[in-house]
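The following pair of complexes shares a single chain, chain A, combined with chain B in the former and chain C in the latter.
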Partner chain A sequence: MEPPQSRIIAALNGPQTLGNSAFFWIFAILVLIVAIFFPFYASRFQVITASNLAISSLLALSLCLIWGYCGILSLGQASFYCVGGYAFGVVGINLIESAGNTNLALIAGIVAPVLLAAVLGWLMFYRRLKGVYVAILMLIVSLLLGLFMRQTADPSYAIGKAALGGMNGLRPESAGDPGIPNITLGFGEAVAVFDGRSAGFYWLVLAILVLVFLGLRWLVNSTYGYILIACREDSERTETFGYDIRLVQLSVFCLSAAIAGLAGTLYTAWGTYIHPDGFSVAPNILVVIWVAVGGRKDLASVIVSTVALGWLSLELSRYGEVSLLVLGLILIFAMMVARDGIVSALGEQIGRLVAARGSRREIVACFKGGRR
Partner chain B sequence: MQASTLERVVPGVVADVILDVRNVTKHYGGIRALDGLSLQVVRSEIHCVLGPNGAGKSTFFKMLMGTERPTSGSIHYDGRDVTRLQAFERARLGLSVKFQNLRTFGDLTVFQNLFIPLRRTCGPSEIPDRVSEILRQVRLPGVENRLVRHLSHGQQQWLAIAMSVASRPRLLLLDEPTAGLSAEETERTAEIIHEVNSEGMTVVVIEHDMGFIRSLKARTSVLHYGRLFAQGSFDEIAANEHVRQIYLGTE
Partner chain C sequence: MDLAGQLTSYLYQYFDNATFLILAALGLILIYGMMGVINMAHGELMMIGAYVATYSYHAGLPIPLAVLCAGIAAGLAGIVMELLIVRHFYNQLLSSLVVTWGLSLVLSQGALLILGPSTLNMPTPLGSFSVGGFSFGVYRMAMTVVAVLLMAGIWILLRWTRFGNQAQATIENPRMAAALGIDTRWIYTTTFAIGAALGGVAGGMLAMTTAVSPFFGQGYTAVAFITVVLGGGANALVGLAVAAGYLSGVQTLLSVMVNQYLGYVSLFAAAFVALLVMPSGISDFLERRRSRKVQR
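Up next, the complex of A and B:
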């Protein structure tokens, strides 16, 4: 009988992710320790920025899951992010005073985008739409939602105490009502408030990112992950093996929307702000760039590239609009040197070096051992 | 009625029919790929389908597997009308296909390629044993961890066959299983087909290679312009003057 910790590691490792060696996990834990202690040696502004980068990484992971693993490119991933953000804000503004927490708002921020994804996914995948049609349809959905939200400045566009606010962004309907709340978890008096500018919020987001990352690593290396990959490689062939690929695509699309919605919720709480510009072309393309440059077929690569490119964008933002241009050039460069992503390519190189030292054999053995 | 005697099935005799294709038509725009095709396959037989290029053979398979729908007509499998069923539903009823272009998963290993068809019916702990068993059956032992795109064409052809028999289907459709194979490899492919057939699988094979069809000793249907042109034992077909004409293009 194997010890339980090695079974957990075995379930997190597999051919669908890079970094299955002890070396990788030790390195990952070191990075995590550095990240946990970050607020003790960084400035307040840097911590706030780091929270934002972690939220972006969540959004990137959501696209990585459907695009990198299931071959569904969506150019409208930011729409789930924003719908989640708006849903959190609307429910939060309405309930923060009476309930004293944002538990329901948080759930709304996840459920609303999942419902949207379920409807869209049903329309697309059960009609066997694929490839570029899905990508463009999702972009159009995002743009239409943005278009709608832009013209909601009129006070009649209010849901309870929350005014959608058009180009002013989501806000309370009257001055007496509360604004978009902080994440407030717990019941009654026993609540924890996570101010978006605090180290506590940073740790919360970091913990969620780690959990989502580990959860996805387990998922993509499970049987479900195999079927995702098979759909990515050849969905029609996969169907002829008896898998209902429509259901596979719909389910992964909804899961991805849940993660994107969670990210959007955290973003809205982070800045207590959500705005229709989030639905426009630039944010949607930005996610694609983060994922493509890092390596869409590997979760860890996507986090690395999102943090690196997000940080670069912020550094470049002081020079005006140049940042998207630079990121576009980086994307072109990345596609030329490493079609499956720069970080993944580097990771594979490091993996080969590590494998030369013998730990590769364990991985193969672990895989052949017939994990689930 | 015993399957072995069914090579001599004559019209009007009620046989144990596993697949009954009734008057199937498929239009692609103005082109009629299938034009009222009717054909029966008897349980446990090997059945060859041949015909010149463009006769509708591959379209026929797509209709059978359900990756495309006929414009009109119906397909009955094991006494059940499956015309409206999705491909995955037909697969679950026991149909399986190897497409003409192999459609293996090139970027995955052999083990992973077989994992996908096996996992639907097997528990994860049985899979490694089943994989080595199937690989032995298709004469590819020990290649579990090779990337599929690094295999030779012949090996990929056998892997594709292995993937389609992995789920132990009742009706196996093989579209050109010897395309691009050497004479020796073709012979081994015929052995593999006889082996899975002897386990009880009904096999329908699309082929061009006459020597190969002869070695299968199978009942043969000839398609021409999307219709059933002739049917009989291979020797009867080979001796048929009209079949020769459509193949050689002489009038």
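Up next, the complex of A and C:
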């Protein structure tokens, strides 16, 4: 009989992810410990930035799931992020005073993008639209939503106490109404408030990121994950085997929207701010860059690249408006030298080195080798 | 209100919108419709064309020459892009999509750094005429004529020239074409360059109707792409004309009846609906109906 912890680890490991060795998990736990203690030795600004990077990682994971594992590229992933953010803000502004918490707002921030994804996905996947069209249509949806939000400065665009506010971003309708609330969990008097600038918020986001990461690792290495890969590799053959690929695509699309919406919700609570520019080209392309440079076919690589590139953007912002230019160049470079992502390629190399050094554990990383 | 003027105005807007779509989509027809590469940087090629046209006009060149310069510059940029990057991404739709999107980001941000965020202007030439109290620019009608001429030019190029035959053979079956002694690499590069040059000409012409900025191209790529996709591949030029006619019809109707924003949204909504009905585009749809009729 195996000990239960090794069964849990076994469920998280599989050919669908890099890093299945004890070496990887020990390293991951060390990184997590460093991350947990980060607020004790970092400045307040660094903690705030780290919260943002963790939120970005969540968003990147949501694209990694559909693009890397199911082959659905969405160039408009930021639209789910922002729809989630707006939904959280609108419901939060309306309910924070009467309910005293943001439980419903949090749920709204996840459900609203899922509804959007369900409608769009139903239209696109059930009509068997080509993957390329799906990618472009998502970008167009995002740009149109942005255009709409831009022209909502008129006070008539208000939902209850929340005014959409056009280019000023979401705001309370009158001065007496509350602003976008912090994440406030709990019921009645027993609530925990997570101020976006605090270490508590950072830990909350970190915990969510870890849970989502582990959950996705479990998911992609489960039977469902194998079906996702099958859809990506050869949808016709998968269908011949009796799987309804439209349903698979729709379900994973909705799950991805839920994760992106959660990220958007946290982002809105982080800065108590949400703005139509979130729908524009730049945020959408950023997500694609994070995922493509990291390695769309591996979850951990995507988190590494998101944190690294996010940090790089911040450093570069000291030198004026060069960060998008540099990130664009990095994207082109990555696509030229390592089609499946730089971090993934490095990860596979490390996996081989570890394996070559005599670790007897199975390094399934090599299993994934071979470029398509 | 005078009816003749009103009607002319609607008709004028309709052709204006259609011309806009055709000009933006022309270069993409060759690059996507023929080569199967999605060039997300097409709008940025138009941006290059727009800048070159504006600068050469202000340097004293007459307008037709300035537009020609725009085409040449964008064509050269297209050659560089093809040789350095796009070449490695043929037959990989999603990868080509991502890498050219990165390219578009680099080009627009590069233009922002080098040329600055301020907008440039070029006067609209050719004056105007008026019908029943409404005044119309002659230049926009000239643009329609040029768009039609360019379409005819592409048709002649593909149908009647040696290059066109070789290009079609290459697209149909690259290995066989290469075995017959056609330099397929050169064909790909040239086709891409012509597509880019058409984008440049379009950018140069549109520069006279709107302000030129580093993000000039951003709005065009999506519109151009949706028009080409809706047009379909079976008979790309006819498809483009029908798609542009249909989309601008919807757009004009809605912007006249409600407002500009809804007109713009309706363009995409109309394209979306049409794609749901005809997933492989209008020309494929027409082609299939025709062949069905022949069978009967």
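In this text, the second predicted complex is superposed on the first by the 356 of 372 C-alpha atoms of A that agree within 3 Å, B and C clash if a C-alpha of one lies under 4 Å from a C-alpha of the other, contacts with A are read in each partner's own complex, and residues count from 1 in each chain.
Following the convention adopted for this analysis, a contact is a pair of C-beta atoms (placed from the backbone, for glycine too) under 8 Å apart; a residue touches a chain by one contact, two chains touch by 3 or more.
These numbers come from a predicted model, not from an experiment.
> Given the touch rule stated above, what does A:T223 touch, chain B (first), chain C (second), both, or neither?
After superposing on A, A:T223 lies in contact with chain B but is clear of chain C.
> In the overlay, answer first, second, both or neither for which of chain B and chain C A:R339 touches.
second
> Quick one: classify A:V132 as touching chain B (first), chain C (second), both or neither.
second
> Just checking: does A:G328 make contact with chain B only, chain C only, both, or neither of them? Give me first, second, both or neither.
second
> Pick one for A:F241: touches chain B only (first), chain C only (second), both, or neither.
After superposing on A, A:F241 lies in contact with chain B but is clear of chain C.
> Would you check which partner chain A:A163 touches, where first means chain B only, second means chain C only, and both and neither mean what they say?
Once the two structures are laid over each other on A, A:A163 reaches no partner at all.
> In the three-chain superposition, say which chain, chain B or chain C, touches more residues of chain A.
When the residues of chain A touched by each partner are counted, C comes out ahead.
> Taking the superposition on A as described, I'd like to know which of chain B and chain C A:P15 touches: first, second, both or neither.
first
> Which of the residues in chain B come into contact with chain A in the complex?
Residues in contact with chain A: 65, 67, 86-88, 91-92, 96-97, 99, 103, 105-109, 111-112, 115-117, 119-120, 124-125, 127-128, 144-145, 163, 167.
> For the complex, which residues does chain A have touching chain B?
Touching chain B: residues 15, 223, 226-227, 229-230, 233-234, 236-245, 364, 367-372 of chain A.
> For chain C, which residues count as touching chain A in their complex?
38, 85, 88-89, 93-95, 97-99, 101-103, 105-106, 109-110, 112-113, 218, 222, 225-226, 229, 261, 264-265, 268, 272, 275-276, 279
> Under the definition above, what is the set of chain A residues touching chain C in their complex?
Per the touch definition, chain A meets chain C at residues 71, 73, 75, 123, 127-133, 135-137, 139-140, 143-144, 147-148, 151, 281-282, 285, 288-289, 292, 320-322, 324-325, 327-329, 331-332, 335-336, 339.
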